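Shown below is the structure under consideration.
Letters are used for the chains, namely A, B, C and D, taken in the order the chains are written, and counting of residues starts over at 1 for each.
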C-alpha cells in the first residue's frame, strides 16, 4: 500500500484506467511454510508472482570453517547438524569420504548396519518431507500420522546409539554402537505396521485426494534440462523423469546386492516433473526403503557379528591428497570435497548439499505462479535450511 | 463433459475415502503421553547429561582433546611426592591432582566422543534429561571436589572378582556435583 | 417478538397491562439476551470439541490439563484472550481496525433472529426469512475486508481480497440452491419451510425427489463451507500461505471476536441447512417431538446443527486446502451449473402435472434408491468399525518390543 | 570414458591451455589456464563424447603456504549420459583472484560462484549477480581464507570465539549472553 496522496495515485493510473502496481511481499524469514529461516522476496501482481528472489544464510554456522579446526572424528557431530532431519546420511557421507581417502574397508556387517540405518533414516526423513508438504497444502492429519511413525524410527535409533536426532553414529571406519539385542525383531514389527497401515492410509488419505492432486499436479514443472543444469539430485531429479540413483549407478556400502527399484516421477496427473511427481517419488521411495531394510535385516540375521570398532583408527590421519565422494542422502546427492594435508585436521571440507542446488532453481520455477503455489513449490523441493546454509 | 463429470465424482469420492480414514482414527488409541506426569523410560544408552566420577579421573586430558566444541576444561598439577598414593577404580595409579574439571553443558553437543578415550571409564553420558534452568551459568558443572574419597590401595591387589572394571555403569547417580 | 409477547403473557398475564415501550423492550430484549449468551458461550464448547476431534483423528490426546479431560481449557483460553493487551501496530487505521471485528460479529449474530427453535420459539418470523439470513450474513464480508485493509499488512490484504472474492462467488450457488426447497414450499419463511417437512424422517427435504435433493444438500454444504471460510476453503486465513490472513495483526480481545464470529457462523449455516433440508426443529419420528410436558423442538434443531458442525470439523481435519482459482472453479463451473440444473429439475417436478397431481415419486423412485445408499453406507461403516477393533488390538500389543522404550522397561 | 581419455580429448582440443593434470589419483583432475575455463567448460558440456552436463560441485581452496601462494577453484563434473566424472582446476593468485564465470554453461554455478566469492573472495568475471550469499551483506572479509582472523565485534554484537569463552569460564565469569543492559542509551526506542 503506497502512502501517496489520492491525487498522486490517480496520476499514476496507467492508460487502461487500472492501477496495476506490483507489490513486494516479503515472505519469511519467519513464516509458517518456509521450512526454517528462508526469506523470499516476491514481486506480486495480485496473487501472481512475477519474480522471486530467495535470500539464504540466516542459519549459516560456518561448518566448513569449523571442520578445518577440529579433527576428523570431531567433524562428524558438526556434519550431523547440517541436515538435521536426516543426520545419518550426513555422517555416512563424511565417513565414506574419509574412508576413501584413508583406504579403509569396513566389514560386511558394518556395511549392512550402515545401509539399515541409512534406509531407516530415509523413511524418517521422507515422512517429515511428505508430512510437512501436506501441511503446507493445508491438511494436518497426515503430518501427525507420519510423525507418529517417524517417532518409532527415532526410538529405534535412540535405542541403538542413544540419541534421537543427531546421532554421531557413522564413524570413520565403523559405527559407534553395535545393534542392541532384539533390534531386528523390533524393526520388523515397525516395518510391518508401516507397510500395512501407515503407507496405504497415507495414499488414501492424502496422496490420491483430488484436492491435493489438483493443487500440485501441474505446478512447478521442472523440465529435464533445467533440472540437470541446476544440479537437482535425488527425488527432485527423479521427479523430472531421470532414473538416476547413486545407489544403483555407483553403489557404495554394498548397495549393489540389494534388490530395489529406482522410483521415478510418472506424471500420472499432469506433466512430468511437477510438484506432484517430486512428492510422489518421496512417497514411493519410502516403500522401496522399507524393502531394503527388510533385506538388510535378513542379512543381519545370517551375518557373523564383528566388532563395529574393528577398523576405527586410533588417530584418523589420512595421507596427503584430495577426494570428492558422493552418497545418496535422503534429499539427494550429498558430496564432500575433502582436501587433506596429512594432518589430523582436514585442510578443506566443502559440502555440496542437495538442498543448496535445489534452492538455486527456485526462482526459475516460481515465475508466474500464484502465492499458494510458491508454498507448494518450496515444500516439493524439500529443503532443509540447515543444509543450505551449513 | 465426461472429464468434468469424472473430476466432480472423483473429487467427491476421494473426499469420502479420506473421511473414512479419519473416522477410523477417531476411535484408535492415542499414541502420545502426558509428558510430565507420564514419562517414557529412556534406554540406558541415551546420551543426555555428562557425568564424571571425580574419584576415578587420572587427569590424562584425552576427553578435552576429543571434544569438538571444547566444553571440557581441565587443570591438573603434579601430585606431591610425599602424598599418599591413590588409585582409580580400574587400577590406574592417579599421578595428577585434578584441581579443575568443568563441563559446560550449555556448550556440549552430546556427541559422546569424550567418553570413548577415557582410560578409566570415569566420564559417561547419563539418561537424565530434565535439566533446563533459567540461568545459563547453572549448566556449568564443576566436578572437582575438595573432599573426594579416593581409593587408598591398589584395587588390582584385592580379590580377583573386583578386578573387572565397571565398563558402562548402569543408572549412575544422576545428580551433578557442582553447578 | 409477537411470539415472545404471547408466551410472556401466557406466563404472567399482568404484562398485557404494561406500557407499550416496556412490552417492546421486554419481549425483544429477553430473547436477544438469551440468544446472545447462548451464542457467545457455545463457541467455547465448539473450540473444545474441535480440538478434541482433531486430536483423536490424529491419534493424540488433545487438551488434558485444565479440568478433567481438559474441559476447562477453552475457558482458560478465553480468559487469557480477554486479558491480553490488544495491540495496535503502527500504521493501522484504528477506527476501521476496531470496527471490523464488531461488524463481522453483527453478520454472524443477526441471523438468529429468524431461526425457529420451535413452533412458537422464534424471535421473529419474517416472511423473507431465508433471504434475510443470506443478506445479513454477507455483512461479515465487509468486516473482513475492513480488517484486512485496516491492518496495514500485505498478508491481511491478501486474505481480505480472497475472502471478498470467495464469499461473493459462493453467494450465488448457495442462493440458487436455497431456491430449490423454497420452490417446493412456496414461501421464504423459515417457519413455513420447517412445517412443510412435518410428518417424520421421510418427509424431510433431504429425502424427497431422491437424486435431486441430496445433491442439492451436498452442494449447499460445500457452499456453506466456503461462506464460513472453513477448510478446505479456508484460503482467507490459510496459515501456511498467509500466516493468519485477515486477522494477522489482531490480538487479544479483537482476535477472540473473530474466533467467536467464525464459530457462530458455522452454527448459523448449519441451522439454516437443518431447516432447509433436515426438517428444522421437527423430530425424525413424530412421537419424539414432545416428551411428556417438554417440547423437544429446540433439542432437535440443536442436535442437527451440531451434527453438521461435526461434519465440518471432520472435513477440516481430513482435507487439504484448495487454491484461489480452484475455489472459483468450483463455484462457477461446478456448483453453479449443478444448481441451475437442480432448480430447473425441481421446478419441473413441482409443476409437472403427474407429480403435481400426486404421483408418488418418492415411493417408486426415491425410496428404493435411498435405501440402497443407506445400506451401502452402513456396510462401509461396519467394516470400518471392525477394522478399528483390529487396529486397536495391534496398537495395544504391538507384537513384542516395537520400540526402544518398551525394551528399557 | 575414463580419466585418461577425457584428459586426452581436452588436450587435443585445447593443447597448451591444459596446464597440468593428476590422473592416477582417486579423483582425477586437469588444471586449466584461468582465462580458458569458460571455453573448456562449454566444450565439456557440448562435446557428445564428454557430455559433462552436470556441475556437481564448485569449491574454492586456499593454499597460502604453497609456492607461489595461490587459490584454486575446483569444478567437479559428472555426465548423466556417459556416467563418468572428471574434475577441472583453476589456479589463481591470492591477491585479487578473478576467474571467468561458467554460469552460462551450468545454471547451478550461479550460486556456487556466489558462495566462493562470499567465503574466499574469488571474483567471477561476467557473473550476473555477484552478491554475498551466506554471510550478511555488510560482512567484511572472506572467512574461509586461511589467514582469516575472527573479528571481535560485529555490528556491536560480541562474537568472540570459543577459547576466550573458555577462559571466562575458568575465571568464573558469566557465560554466553551476559546480563542484558537496559540502560536508556542501549534501549531500542522507536520514534513515534
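By definition in this document, a contact is a pair of C-beta atoms (placed from the backbone, for glycine too) under 8 Å apart; a residue touches a chain by one contact, two chains touch by 3 or more.
Please read all numbers here as calculations on a predicted model, not as lab measurements.
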Chains touching subunit B and subunit D alike, please list them. A
For the pairs B-C and A-C, output the one whose chains share more C-beta pairs in contact. A-C
Of all chains present, which has the mean Cα position farthest from that of subunit C? D
Counting in whole Å, what is the centre-to-centre distance of subunit C and subunit D, each centre being its mean C-alpha position? 59
List the centre-to-centre spacing of subunit B and subunit C in whole Å, with centres computed as mean CA coordinates. 53
What whole-Å value do you get for the distance between subunit A and subunit C if each is reduced to the mean of its CA atoms? 42
Taking each chain's centre as the mean position of its Cα atoms, how many Å separate subunit A from subunit B? 28
Residue numbers of subunit A (touch at least two other chains): 141, 145, 148, 158-159, 180, 205-206, 209, 211, 214
Which parts of subunit C, given as residue numbers and ranges, touch two or more other chains? 57-60, 317-319, 391, 404-405, 407-408
Of all residues in subunit B, the ones touching two or more other chains: 15, 18, 21-22, 25, 31, 42-43, 69
Where on subunit C does subunit B make contact in their complex? 53, 55-61, 64, 218, 314-315, 317-319, 333-334, 380, 384-385, 387-388, 391-392, 395-396, 404-405, 407-409
Okay, in this complex, where on subunit A does subunit C touch? 1, 23, 25, 31-33, 46-47, 134-141, 144-145, 148, 152, 155-156, 158-159, 180, 182, 185-186, 189-190, 192-193, 197, 205-206, 209, 211-212, 214-215, 370-373, 375
Once bound in the complex, which stretches of subunit A touch subunit D? 56-57, 60, 62, 64-65, 100-101, 226, 228-231, 242, 244, 249, 321-324, 326, 333, 335, 337, 339, 347-348, 350, 352, 356-357, 359-361, 364, 389-390
Can you tell me which positions in subunit D touch subunit A when the two form their complex? 25-27, 53-57, 59-62, 74, 76, 80, 83, 85, 87, 106-108, 110-111, 119, 132-136, 143-144, 148
The residues of subunit B that touch subunit C in their complex are 4, 8, 12, 15, 18-32, 34, 40-44
